[in-house]
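Structures incoming, each one as structure tokens.
Two complexes, one shared chain (chain A), two partners (chain B, chain C).
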Partner chain A sequence: MKVNPGAMGRATVKIAFLALVLFVIFGPLSSLAIWSVAEKWYWPYALPQQVGLFYWGRVLGSDLMRSLQLGFFIATAVTMLTLLCTVPVGYALARFDVLFKSVIMMLFLLPQAFPQLPVFANAAVLLYKFDLGATIPGVVLIHMVGSLVYAVWIMTAVFKSIPVEMEEAAINLGASRIKTFLTIALPLAVPGIVASSLLVFLYSLDEFTGTLLIGAPFVVTLPVFMYNASMGYELQVASITALLLMIPGMVLLVLLERYLKAEYLSMFGRI
Partner chain B sequence: MSEPHVRLVNITKRFGNTVAVDNVTLDVARGSFTTLLGPSGCGKTTTLRMIAGFHDPDAGDIFIGERRVNEVPSHRRNTAMVFQEYALFPHMSVFENVAYGLTIRGLPKPQVAQKVRATLKFLALEGLDDRSPHQLSGGQQQRVALARALVMEPEVLLLDEPLSNLDAKLRVSVRTEMTQIQRSLKLTTIYVTHDQEEALAMSDAIAVMHQGRVVRFGTPWEVYYRPRDRFVADFVGLVNFVEGRLVEVSPQVLVADVAGRSLRFAPEGLALRPGDGVLLSIRPECIGISLAAPTGAANVLHGQVAVSQFLGRLVRYWVAVDASTWVVDEPDPSTYSLLSGEVYLTIEPGKVHVIAAENKDKDEGGR
Partner chain C sequence: MRRLENAFWFAFAVPTLGIVLVLFFAPFLYSALGSFQSKSGQLTLDNYALVARLYTKDVLYTVGIATFSLAIVLFIGILLCGYLRVYGNKLVEFLFKIPLFVPFVVVGHAMRVFLAPHGILNSMVAQIGLINLDNPPSLAYSWLGISLALAWKNMAMAVLLILGAFRSVHETYLEAARNFGAGAIRQTLDVLLPMSASSLAVASVLMFTSMLASFSIPLMIGGGKGAQMTMIDVYYRITYQGDYGAANALGVVSYLLASGAAIYYLRTVTRK
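Moving on, here comes the complex of A and B:
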């Protein structure tokens, strides 16, 4: 059997690449996992001297659960409000010759065009003026600055991917515009709406900068909790929080993957 | 079948700078099968969509019956449309698709079910009620789309190239089926296609469209044998064009000089004078072809077979006569291997059609 040196070389490159990918993905994760069970770990040891679930017990018994609950509550509110705004707007942008269409799209995109920190800082000043600082509604609003952008773009793409003829057929059969929207466009958009809700939900759950600026010191979501914990040099608590924070993300992303059809993705950028 | 049911009066529709439909006037007879025929982009769909109410005309009036419908919103027009891609609702079953319009109308459930079942039965779709549209074949989807339109008992049925997604064989059988259905219901139908054979086979009347205008409106026979327009003659089937100059005019016969030969043909009631230039069209199947010189024929041409093609039900010859080439269809396929080399062509005077005449006194190029 002859060995093809070219193929050998390619295989080596492939294996090296795979190793690199695995390292990039699982390197930090394994460090998190190890830290979460490290009860004693001093330099220069490569692994903790003492391993145990002490910190897990402490975290699960602490305020963290409250932060988690709060985060879920805020994320749910953000998702609902965002959908309420973006489903009709997305539909209008996809179907009608809306006046100043590009201006509206720009308006939604604008906060993302600038560095996040000054945008949030300015928003914070504004929200404090309306007594919304350090309140849950304030945090919900600051999350929506970001979530509206994603959601409007996704919803517009989703509605654009539904053939117009489908709705015309309904109108032709006697359905009014509203009826057509409710019986044709909306049901057909459900996968897209689910996908967009999941993205928004995760975004809100993980949002840190705005939450810290607006919510502190009373509204402490999980990312802020983690930040506070690591500020106290309790790397164990921070690692556990980070791991916990990943769970809803992974679960929802699996769901998302099942719903997000490739055609929606291919619609992006055609708006 | 003379009373107009749908009337378009000087309809114009622009999209930006494109004039999609240009001053179209058309009377669609009640109960007739009327076809809009033309090449891609000539404005057929736009015309149909204006009748359905999906586009507002920029100028002109649309009447359905006595009623002017320009301002009537599309969901109140009672025109049922079948779309080219069918546009079946993918999240509903066949039954729900067909029931959709009746439910919207507020019909009681048992009545909806009864009508839907009757229509599904009529279109041989029984037993498919619970299927989802994507579980149907193309032909079945097409019939469901038709059922969804027919169940509404519409005043006017609008069909936009409903057969173009079917394979060639199915298309022929479905078109026969559709013609039968239309005849049995006597439903005023406006049909859009770019397929001339389909148009000829199915229609009571054909409106040939070109660049947004209706250039010829008539029965299939008239459109085919009396196109009156170079574009129409060329678009609807194969044709021989001949240019000549009239040398003799009488009530019974016209004689034109065509490249030094004289061609005799019927006057068709046209007011022509000697010296007028004429453009003539002759269909390939109207020309006889033989090896032996024919006797007693009004027009005989002598030429050379350049190419011949065996097309199954006929043989098509390209025959060089002087500098021009004539296309001739011989309906007897057994002549395929027999006819070659020197041949004689015969043309009956009644089968020559004057497309356009040009008066020699005027300088402007007439039609």
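Moving on, here comes the complex of A and C:
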């Protein structure tokens, strides 16, 4: 059998290219995995001298679990409140001639354009004035600024993509707008609502800047916990936390891979 | 009845708008006003004088890093998306989506240990004898480390945006180019790139501003000495010195740098 040298060459190039891509993507992440099991590691050794799950055991019994629970609690609250606010507002913006509609849409867009840190630093001053600094409600509110801005646009797009004719039929038969919204539009929007609530949940879980400025020192979610560990050179603890922090995002990536469109993901340029 | 319905929609709109107005726009305006005030509340330009004296270098440093990082992202992104558009490769496309869902802080920490003097990258390069670990070069804690980390994180968004633009170029144009003997690179540079120039410009503006405003990555892998990115300066100015005036002035400078993106966003709304 003769092997075509051209095909061989192409296959080699293809494999080399794939290896390069794998290295670029997983190289930095692999250091997390290695550090997470490194019990003893000092240079000049290229790999840890002693590998084990000692730090995993220690970390899982520590404050990390509290941060994890707290993060999930905050993310759940943020997601529910965001949905409650943005589903009706998105519907109204998609269907009605709302007064000053373009101004309202703009208000929900500009926060994405400007740097968050200087704004959140001043928001923190405000929240402290209302005794909301370093409290869970304060952190929920600051997460909601980011999530509302994002979810209003997504919800408006979701409702715009639902054909209006069915709702017109319901209204012609005498249903009120609210009833039409609840019984026709809302059920049809469920897939879009589910997808965006997953993204909002992830956003809240991963949010760092606002949580650091408003939550510290009492409200420590997982990203802040990881930051503290990494800055304190607890590299094993930080790496394990980083790996745990990646899990929800990776699950979501696999679940939503087919639906990932650039316009829905603008928020993720920020966390 | 009609009035009752309006009240229903209004009831949801008020908290939604309220939170964004009170916790974004009010602090935004407050920071702009605060930048013109001295500690005793008098109107002054002292904060800007201080920023010009202490932070001009840092602003240039920030713009430099964002530019360099954007150049890396665009260079790799365009070639990669050209390849993906012409030949298609589902696996590689999927792999490049991963950084999108890795939070900035995790990227910061991962790059910190990956690029450290005795990190994984240096160990690997040392294995093949390219560098000497007794005197290792350090990418972390430098502008290059920040740029590489930002490029890594932004690559996912770039691939989504650029590939989306390339996919909207009709296949017939590529076929025509192929009939004239164009390979993948020529098809990318001569057909795909010019035809999606406007989407690419938009993507570049968005990525550039998000890099200028990046906080957690430079916080984790930036050096403790020398020039800092502006967001780090703002943060330190507030947490270590409690100097909101200068921090706000620096914030206003960062708003001005980001106004390119703001203008683009405004046009999207007015177009609709």
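In this text, the second predicted complex is superposed on the first by the 234 of 271 C-alpha atoms of A that agree within 3 Å, B and C clash if a C-alpha of one lies under 4 Å from a C-alpha of the other, contacts with A are read in each partner's own complex, and residues count from 1 in each chain.
Note that in this section a residue touches a chain if its C-beta (ideal position, glycine included) is under 8 Å from a C-beta of that chain, and two chains touch if they have at least 3 such contacts.
This structure is a prediction, so every number in the text was calculated from the model and none was measured.
When both complexes are superposed on chain A, chain B and chain C fit side by side without a clash. Between the C-alpha centres of chain B and chain C, as viewed from that of chain A, the superposed structures give an angle of 100°, to the nearest 10.
When both complexes are overlaid on chain A, the residue A:187 reaches chain B alone and has no touch with chain C.
When the shared chain is aligned, no partner comes close enough to touch A:140: not chain B, not chain C. In the superposition on chain A, contact of A:166 is made with chain B only, not with chain C. Judged by the touch definition given at the top, the superposed model places A:252 against chain C, while chain B stays out of reach.
Between chain B and chain C, it is C that contacts the larger number of residues in chain A.
Look at A:176: by the touch rule set out above, it reaches both chain B and chain C.
Closest C-alpha contact of chain B with chain C, superposed model: 11 Å.
The interface of chain A with chain B overlaps its interface with chain C at residues 176.
Across the complex, chain C is touched by residues 17-18, 21-22, 24-25, 27-32, 34-35, 43-44, 46-47, 84-86, 88-89, 92, 96, 102, 104-123, 125-127, 141-142, 144-145, 148-149, 152, 176-178, 202, 206, 208-209, 223, 226-227, 230-231, 235, 238-239, 242, 245-246, 249-250, 252-253, 257, 260-262, 265-266, 268-271 of chain A.
By the touch rule above, chain B contacts chain A in their complex via residues 52, 54, 74-76, 79-81, 83, 85, 87-91, 100-101, 104-105, 148, 152. Partner chain B is touched in their complex by these residues of chain A: 163, 165-166, 168-176, 179, 183-184, 187-188.
By the touch rule above, chain C contacts chain A in their complex via residues 1, 5, 8-9, 12-13, 15-17, 19-28, 30-31, 34, 91-92, 94-114, 118-121, 123-124, 126-127, 133, 152, 154, 157, 160-161, 164, 206-207, 209-210, 212-213, 215-216, 219-220, 231, 234-235, 238, 244, 247-248, 250-252, 254-255, 258-259, 261-262, 264-266, 268-270, 272.
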